[in-house]
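Note that chain A is present in both complexes that follow, paired respectively with chain B and with chain C.
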Partner chain A sequence: MVEQVNSFAIKTKNVSVHYGNKMAIDDVTINFTKNDVTSLIGPSGCGKSTFLRCLNRMNDVIDSCKVQGEFLLNGVTDIYGDSIQVETLREKIGMVFQKPNPFPKSIFENVAYGPKIHGLASTQSELNDIVMDSLNRAGLYEEVKDRMDDIATGLSGGQQQRLCIARAIAIRPEIILMDEPCSALDPIATARIEELINELKENYTIIIVTHSMSQASRISQRTAFFHLGKLIEHGDTSKIFTKPDKEQTNDYITGRFG
Partner chain B sequence: MNSLNKRLSAEKRFQAYGLFAVALSMFFVLILMWKIFSTGSGAFVRTTIEANVFFNPDFIQVNQNSLEKELYRASYVALADEVVRQNHPNLNEEQFIKVREMYTRKFDYQLRDYLLENPDKIGQSIIMKITASSDLDQIVKGNYPRDVPEAQRKINDYQLSVLDKLTSEGKVSSVFNFWFFTKGDSRDPETAGIWGAVMGSLYALIICFSFAFPIGLLASVYLEEFVKPGKVTDIIEVNINNLAAVPSIVFGLLGLGMLIGVIGLPYQVPLVGGLVLGFMTLPTIIIASRASLRSVPPSIREGALAVGATKMQTVFHHVIPLSLPGTLTGTIIGMAQALGETAPLLMIGMVAFVMEIPGGPLDPATGLPSQIYLWSESAERGFLEKTSAGIMLLLLFLIIMNTAAVLIRRRLEIKW
Partner chain C sequence: MENTHTDKNFEQKLKQLQDDLIKMSEIVEKQIEIAVNVIKTKDSQDAQLTQNLDEQVDVAERDVRDLSFEIMTLHRPVASDLRLVFTALKVSKELERMGDHSRNLAKRAISISSSFDDELIEQMYSLGRNVQSMVNQVLDSFFKKDELKAKTSWNQDAEIDKEYKSLLKNLIERMHNKETSVVDEGTKPILIAKSLERIGDHATNIAEEVIFNITGHYIDLKKSDFE
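And then the complex of A and B:
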């Protein structure tokens, strides 16, 4: 497969992560193509969430966590380098977490917070537009348009998660990281989010950690299989799920272990 | 089955013990309350004697045209004596002294205050309820027995006969004692009020809050959110917990040595009292604030960081607002404790006799608990009911503060 350098949203090389003396990621090299959904799959504790959190440096807050290797944003910017501040990086790489974590403030405030601190809106009406647009893209606007001032924690789980997605896209990132975004949701809410991911990939590169094989096969174009901190296999989703190169991958997706 | 019955009866026994423990503590609380209320309620009422007062310009040396300042400065002592003579005619000198003793010594001030408010009454006669002396007050309230030998009584037989005559004429009555809530301390129980001490405590608490709350909050935020845990933070943590357990008199000594001795702040002022109470409250606030910062879920911090907020924005926009109810609860409980603290006030001199109501944190003052302590040491029977009434007021403030703490905590629970 031949691809241009600039068609990669994130390139990583020889990534190793340690928590104290414990190795969590062992020499992983993986590139994420632009405007694709890439699923990271693998059994619990395989390091896929850790890897995901390295991409927007959310692991910085964990003192014992040591990250080594090369991370390049758009092929040029060193994610861990001095040329970029972590706040700017997170403006470009948004994140949605496993458990919906809206701020206990109003729905409007939740979405408006990011644009406010980054100064993306100079007037109140611009801010309103950003909030409306983000909620629209997250497919939540119709449901909440009459109660923008209600507290966000009063929404249902699925709505909260879509609010978190709206919050992430409100600062216009290039990449959205999702850490098992549906694991706390019921099947209907899950279907909504999957639909949403499908729409979002037009404009964003999405990297998603999931435990559900069927979800990975439904929503992603590329799939990476992690096991015990190592990247076992990475390729087109259709190939991984039908004709994987490695036996380990085959065993995992057919449910023989994991 | 048998063993189940055994277990069930063990549970019943346990519940009975628990009920007994609760009932016993309630019983003691009730006894305490009953004792305080039965002694203290008298302080809210004072005995007055109705008298005819003629504001004779000759006695007070002022007239209708006098300025307010002149009215204030005029001597009303002679007028007070004259009022007594007019209302009790034909007394010899010894009788006059006895009858004069039945009225409060301070009743010249009562006359002055009346005239200041109604300057047009100069040269006129009015009927006024003049406060009785504390000893007479106690007789009327029944706190002093009448049927003991005269030598053991503060009110002698002659005074009793005058009292009975006044009572039969309907001139003795009880009025609500506003003075208790509006006046400062006094040598005479009948004119002593708690307001000076309340204001002293209020100023001290304001100083205490404005000193301890920001420092406690910032210290806890720094320790909890910014500093990396290590040996140093462990040592700080242990020391904060130690400070919370240090007896309050030690903080009083610190205030005496440092604030008054080294820095040279004045003695017996609420400023120093408030700072000392602040030292004492600081560990409590830090501990409560750290606990409540820790209870903010990490997912909130992650959510803010993930949209590109700096650490400080995360803490100030999200974490502190969410932890504030818990911090305030801890602060209020700490301040309620500070309000009732006597020992540090003793050390820095806020336990002196202060008549004036303090106008600011740099005026000499007492605090509520030290005022109670002062009154409890006084020999006069009239101060006994003041002591209990002071305790009632202190308890009322404590109940208000603790209720506020509970309400704030309840709001916190609804939020999560």
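And then the complex of A and C:
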């Protein structure tokens, strides 16, 4: 199949990452198709989170971390090049973390903060609309509409995580990175987030690190299996979970690793 | 050697599933062997034995079904484990049908009179032996995960069909010629031959499941694959 250049939200080539002398990612090449959910799976220490954090330069703040290789946004913009500021990059590539991390501010301020600093709203009314729209898309608006001024840390874990997703989408990113977004949540809150991921993929490209194999199989169209810093296999989720090409992938997803 | 599961309980259940299938296969193979012998011996005790074994086959099929259901519910198998459970369910169904055919053909074989044409008996017996060999090959390919053997046994079905058609033609010709010994037996020899031919068909279905279990694909097998 011939892939169109612009069908990929992010293209990467020959990516290697070192922490000091220790190699964390070893020559990984992978492309992420637009409007797909891609799960990155693999045992702890396999490099999946390190790789995810390379995609919006979250590793920049770690002095010992050295990132090599090619990273292209929409097939053209060099993610590590001079043509894009890191702030602009993160406007396009948002992130949701393992532990919900709302600012110790009101629910409204949490979502309004990004659009304000990025100058996305010229009037208060526009800002209100962005906040409302983002909370709606994150499936949280109905639950919080009467207490927008309450402090966000008072919300339940699942609500806080959806607030973080609302905060991420408020700045209209193209891509959302998620690093184990449900690992601190109960099954009902997890199901709500998974449903939300499914809805969000209509408008965003989502790359998610997860330890839950069943979550990867439920929510993603593509799955990438990492082991010891290498990308072992990347393909359609339905294929990976029925007949993976590599023995190592089969062993890992069937629980024969060790 | 295949790596072992980190979940020992799951590992044990997958092993149990394979053991249950091996046990079921052994019963069905024995059933077919006895039924084929009954074509010649007309031994009513042996025919009754195929009936008794059929009850064991039904129990074995339920065991495979229940265990597969339990594994799917509690362990949510994926990849090679999922394919094994899926294949086990389908293979057990095919085996159960083979068992039914064996029981029926043995029952009919004892009711054929001893004056029935020897050449036709030989022809039925030979068909039976070839079917028996095909079943043995295909089950062996399943437990040894041998794709080539599965394909080879699948190919044996064409020979079996040919033999079945030749037998049928022979029977019909003799009926046309009003050969008393053949006409008196009515449709019984035809139904026996049909049961054998159907066992062969179930064996080809198993061969297709074996190939799926190994490769993850159902392939559209054609004779040309072997030419």
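Everything below uses one rule, namely that the second predicted complex is superposed on the first by the 256 of 258 C-alpha atoms of A that agree within 3 Å, B and C clash if a C-alpha of one lies under 4 Å from a C-alpha of the other, contacts with A are read in each partner's own complex, and residues count from 1 in each chain.
Operating definition for what follows: contacts are C-beta pairs under 8 Å (C-beta built on N, C-alpha and C of every residue); 3 or more make two chains touch, one makes a residue touch a chain.
Quick caveat: nothing in here was measured; it's all calculated off a predicted structure.
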> Mind checking chain B and chain C on superposed chain A, clash or fit?
Replying inline: fit
>> Looking at A:Tyr113 after the superposition, I want to know if it touches chain B, chain C, both of them or none. Which is it: first, second, both, neither?
In response: first
> Where does A:Val37 make contact in the superposed view: on chain B (first), on chain C (second), on both, or on neither?
Replying inline: neither
>> Let me test your reading of the model: by the given contact rule, A:Ile253 touches which partner, first (chain B), second (chain C), both or neither?
In response: second
>> Quick check on the superposed pair: does A:Val131 touch chain B, chain C, both, or neither? Answer first, second, both or neither.
In response: neither
> What's your read, chain B or chain C touching more residues of chain A?
Replying inline: B
>> Just to be sure I read the superposition right, which of the two partners does A:Lys243 touch: chain B = first, chain C = second, or both, or neither?
In response: second
> In the superposed arrangement, which partner chain does A:Val17 touch: chain B (first), chain C (second), both, or neither?
Replying inline: neither
> So after the superposition, what angle do chain B and chain C open up at chain A's Cα centre, nearest 10 degrees?
Replying inline: 140
> After the two structures are laid over each other on chain A, how near do the C-alpha atoms of chain B and chain C get, in Å?
Replying inline: 34
>> With the touch criterion stated at the top, can you tell me which chain A residues are shared between the chain B interface and the chain C interface?
In response: none
> Along chain A, where are the residues that touch chain B in the complex?
Replying inline: 56, 58, 61, 63, 87-91, 94-95, 97, 99, 101-104, 113-114, 117-118, 164, 167-168, 170-171
>> Under the stated contact criterion, what part of chain B meets chain A in this complex?
In response: 228-229, 297, 299-310, 313, 317-318, 322, 415-416
> Which positions of chain C touch chain A when the two form their complex?
Replying inline: 2-7, 10, 76-83, 215-217
> Can you name the residues of chain A that touch chain C in the complex?
Replying inline: 213-214, 217, 240-244, 249-251, 253-258
